Amino acid sequence: MTREGWIRLVVVAAAVAALEIACRTGWIPTTVVIPPSAMATSLYDILVSGTHWGDILVSLRSVAAAGVLAIGLGFLVGAVIHALPPVRSAAEPLLASYYAVPTFMFYPVFIILFGVGSAAIVAIAVLLAIVAMISATLIGLDRIPRVLGKTALIMRMGPVERAFRISLPAAMPYLFTGVKLAVAYAFIGVIASEFILSGAGMGYAIAYAYNNFNNREMYGLMLLIVVLVTIVNTALDAVDRRLQARLRR
Amino acid sequence: MTVAALAEVADVSAVEDRHVRLAGVTRVFGRPGTPKSVHALGPIDLDLRRGEFFSVVGPSGCGKSTLLDVLAGLSKPTEGTAEFEGRPIDGVPAGVGVVFQEDASFPWLTVADNVAFGLRRAGVDAAEIARRVDYAVGFMGLKAFAGAYPAQLSGGMRQRVCIARTLVMQPRLILLDEPFGALDQQTRLLMGDELLRLWRETSATVLLITHALDEAAMLSDRVGVMSARPGVFIDVVETGWEVERDSRIVSHHRFGDITGRLWEKLRTESLKHLRDG
Amino acid sequence: APAAADEISVTQWGTSMYGAPYAVAMAEGLFKKAGVDITSIIGSGGGGTTVRNLLASDTPYGDVAIAAALAAQRQGLDVIIVNTGTRSVAEASLVTMPDSPIKSLKDLEGKKVAITSPKGVSEMLLLMALKQEGVDASKVERVASGGYVNGLTMLEQGAVAAAALIEPLSIMRASKYRTVANYGKILPPMTTSVGITTRAFAQKNPAKLKAIIAGRAAGVEALYADPAKAAEIVGKAFKLEPAIAKVAVDNMLAPAMWSTGEFNRAELDRTVEGLRLIGQIDGPVDWSKLLDPSFLPASIKDRK
Amino acid sequence: MKSVLGPAAVLAVLLLAWEVLHLAVANTGLPSPLATLMQLVVLLGEAEFWAHASQTAQAFAAAVVLSTVGGIALGILLGMNRTAGTVSEPILVNLYSLPKVTLYPVVLLIFGLGISARIAFGIMHGMIPLTLFTMNAILQMKPVYRRSAAVMGLTPWQTSVSVVLPAILPEVITGARLGVSLCLLGVLIGEMFASRNGLGYMVMHAMERGDMPTVLAVALLLAIVALLVNAALLALDRAWRH
Amino acid sequence: MTVAALAEVADVSAVEDRHVRLAGVTRVFGRPGTPKSVHALGPIDLDLRRGEFFSVVGPSGCGKSTLLDVLAGLSKPTEGTAEFEGRPIDGVPAGVGVVFQEDASFPWLTVADNVAFGLRRAGVDAAEIARRVDYAVGFMGLKAFAGAYPAQLSGGMRQRVCIARTLVMQPRLILLDEPFGALDQQTRLLMGDELLRLWRETSATVLLITHALDEAAMLSDRVGVMSARPGVFIDVVETGWEVERDSRIVSHHRFGDITGRLWEKLRTESLKHLRDG
């Protein structure tokens, strides 16, 4: 590990330890925050007792579905928009402003369209995540060096071979940045919808625990989400870094 | 100028030895005659002898790359005819290799895979690919980096990967568009040595576009000097070098003469360009 | 000098009839008469949020769902119940589409029913009603929809056979659905909301607490005395059409929805029974630690 | 002019799609664009609506100001020291991609239910991207700018004010654009989950009553405001990128 | 070599005319002696005469920029002493102007504001600023672009903005680090003409780092050739040009001799570097 990596570990560990001490000494009342060690044991109990596996699976399935849909559709839409410059110049300012629109408010519409349950939540998450993928696709296709297109011509490639052997690998590092963001937003979209609107999933379980003053369970579940996101992020980041390393400096 | 050199010049007009022929080639971007159209090039008349090393120098934006695009079949002349090996150029002709000014190595492939790319597509058998790639990689001084990715190489080494990738297909006409533009002058001259070696070994016809006068003067049999846009040849200088030559000829007294003559021709043209911004 | 105005919390303020007495008491100046200046109500989605709301506010008194009060107490929050709020489930019902073959709770066997959220009131009432009617609850599949309106959407799309509903929503949409079960008619009276506060606040401000409870009790009495006027007030406060407000209030008169505040052990225990059914409570409930009737007005303290 | 026409055309297409959708699902409660617009007009005439709107606006304004100041300050602090920057970047990125809404109960437990909780939550959403953008802008600023300042004999203070700040401004504005959007999202989510006023609460309340025209009217209004704010920042962004 | 040139060489040692002195200067990055430390430069002994035009050529990575940093006071020598106008260099000395290799124009300021930047910080009064900026902008051929932003200019014009920004401070020592690296050779030679004009007008001492041998040969009074890292001077070539000179001297016969000599010295050093990658 790099020096920075070690420092980071120490910083995080110190923050956790500080919180532990603050809670243990009563400086932060346990009715507000419970000590990290208690969060960890709570998480352990949740996983072992299996009480929340249903919720966890529901959430993860929704995240996976939303992620896959957002990435796939986002890439397609991005590629189509990229091929149609007038559409692109019209849509781009709106894409840039997209995150300002509170997506969650359209939940009732999705319920009408997709019915109650995972589908509506997946739809919200896709809506939240897809723009990152569209933007990344546009950027990726833009950044394919023109000279590679000329090279494909010199090698007398057809359009299909060119798309798969030149365009796709050349745009890949940028596309993957989109993948990373799309997964993060899929997570946010699913968990947040569950939290505010739904009756199932990890998000709901946290809201439920909060409503029933069950701080221990609430913090256990929160820790679970933090851990999950960190793992997913770290894994995607590792791939990302390898792809980015290929980009010309 | 040596007698041998003069004899070679005479040869160019011999029809059986004519490898490339451009006659009255012009290229206009946009619809000709409209106010937005750009007359980029021509009219150009140019014959290249089989096995000749020809360089093109000219001020920035004069149409050098446009000329190369026409020869590579990437761009159709607006007027005039372009021929390669006696056949009109329509689409990218077989037997032509191009090294572009920009780094065109594939960043997702290793050096060896980059060089093997064209051969694999052509369905050459594995043993033959390995042999040819090995040779080309070694020739370009990249042996130690065969497994490396382009991002791990310097700009000059990446350009060498592109040259190897082109060379391995054994083109009969090699077009090079400022291939060493990214390098400093000293490295460029050394790369020039390797280019000369390559040219001697393959006996391909080479057309090199460059903005470095010393490079043109040292490498070429003939140097064409282009005017500011629309580019036409305002001078073609015979260097009269032996086939066996390398960068040491820069201290040859004739080298200074050639460079001086090129510079004299270009100074006015470049000044025009500079004043335009 | 008149103290600054106080804000108290009421669950489902603006959506449920729980809050009607507060609206009347405020409009009629009954709180002022009782000696406290209540000008506005902190509303919230219900459940634990209301308890959190009141714990965080300057005047920690609130009318909350009894389940939330019990949960708070169970998790070690220092709250006491000082009066009861409502004692009927008459506003809740189960509906289906007009052309549906479902006629009674018995017909729900093998079918899906939309509740709002797992372990919530809508589920509790469904289970209690099924038990009352002798239907095997394990044969009725409960689907969490996240909200009453969502449940109706599911019903319309045919995803469920019946859906939980609540007033005034059920009044506004009366024409679109057919009522399968009116819980107020099936289930005997039970305590549904209670007034709670923190022990600390009760010790420090007994007078203010008494005034709030008395003001509310006066509101309840005024409500029963002149329902038409009350309906008008509630309609304005909750932004309901006058006609709907009128029906909503009138519907609650027969089951005597609003308690003046006194505790009724039988009604309390019935609710606990229901909470046991959905697994919200598993141990015994020690009422003596929870209830504190000492702040009730003398006139109703002994009313049982 | 053309830059307005294009997006306008896209918006028109979206409205058309909405209308088609409305007709397709018929009476299940998706109001038409026109009905939504009319409801919006009605809402705009109500004092209560403005009370909610002003609550949201206050929380939003406070969150934007605080997260902008805090984000830039923190970004500069971390950016000035390469080690601090490298150490904190992955942590910040992780925080950014965390579904922060799950942490809202903590915010409520700490701040209570007043406006401060919503402000805090808005800041949690809006500050991180700004910090990241500012930090990276400084870390990636061409070193030659600082060297130029040094050879011109500028003091560290002069360097920060007249070289570093203008050099990173475009990135800061881009970060602010994202930050402002997310601030609004954070405030609204806060209002939707636990609150008694504000537009988020209003929407949640309308959702509970099945009042779709109000839900969509408020959502539409928020979308329009958000797009306008964003367009203004975008214009500022363009003005600074020469 | 002319007699005049020889006479000038002798002058360098005269103490009163010595403008810059480096004695035994070395620069090591990282803690010296540790395995990760990089010995980038030296030991260097160098005296610059007041008003001299001195160029440094050397293979890439040999420590040329490091040398400039030491002279500009941006970097402290690990060993040895650096003096400017008789005082040890500690921090950036007043009277030194630097043009960096990278484009250092501030993109958020117009050309005129860029040029005025240093003067404003120094508190020069407005009328004087206007006068000096006007002159410098005109001198660099940027008059028509005074209100433009750098993004609207070509790379060469931006470098001219940086030169104007430096020039306007009236430095007595001008340090230039490959200022024309981004330009093609023809434009570079023309820019060299303007640099010579500037040098004659200001009579400042100039130290120019370049990788272009012809540029060094044409512009300088003396050219220092550096070895591969750690860079030391392996040769100092006297050109013996008149003060009045311009790019036309590239066709002078001595120009080829000088370039040849520089190239001979550098060939081996550059080859070393090239083989390292």
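Order as written gives the chain letters A, B, C, D and E; numbering starts at 1 within each chain.
The rule is short, and it goes like this: contacts are C-beta pairs under 8 Å (C-beta built on N, C-alpha and C of every residue); 3 or more make two chains touch, one makes a residue touch a chain.
Keep in mind the model is a prediction, meaning the values are calculated, not measured.
Annotation of chain B and chain C: jointly contacted by A, touch as defined at the top. Taking the mean of C-alpha positions as each chain's centre, the chain lying farthest from the centre of chain E is C. Inter-chain contacts peak for the pair A-D.
Centre-to-centre, using mean CA coordinates, chain A is 51 Å away from chain E.
Note: centroid distance chain D to chain E, computed from Cα atoms, is 49 Å.
Rounded to a whole number, the gap between the C-alpha centres of chain C and chain E is 85 angstrom.
Centres computed as Cα averages put chain B at a distance of 33 Å from chain E. Counting partners per residue, chain C has 49, 52, 147, 149, 153, 157 as the residues that reach two or more other chains. Residues of chain D in contact with at least two other chains: 28-29, 108-109, 204, 207. Counting only residues that touch two or more partner chains, chain A has 31, 108, 112, 210. Chains that are in contact with each other form these pairs: A-B, A-C, A-D, B-E, C-D, D-E.
Chain A contributes residues 31, 108, 111-112, 115-116, 197-200, 204, 208, 210-215 to its touches with chain C in the complex. Those residues of chain D that touch chain C in the complex are listed here as 28-29, 48, 108-109, 112-114, 194-196, 204-205, 207-210. Of all residues in chain E, those touching chain B in their complex are 57, 59-60, 153-154, 156-157, 181, 184-187, 189-190, 211-214, 247-248, 250-253, 255-257, 259-261, 263-264, 266-267, 270-271, 273-275, 277. Residue ranges of chain C in contact with chain D, taken from their complex: 13-15, 42-45, 49, 52-53, 56-57, 147-149, 152-153, 156-157, 169, 172-173, 239.
Put simply, chain E touches chain D in their complex at residues 72, 74, 92, 94, 96-98, 100, 102-104, 106-109, 117-118, 121-122, 149-152, 169.
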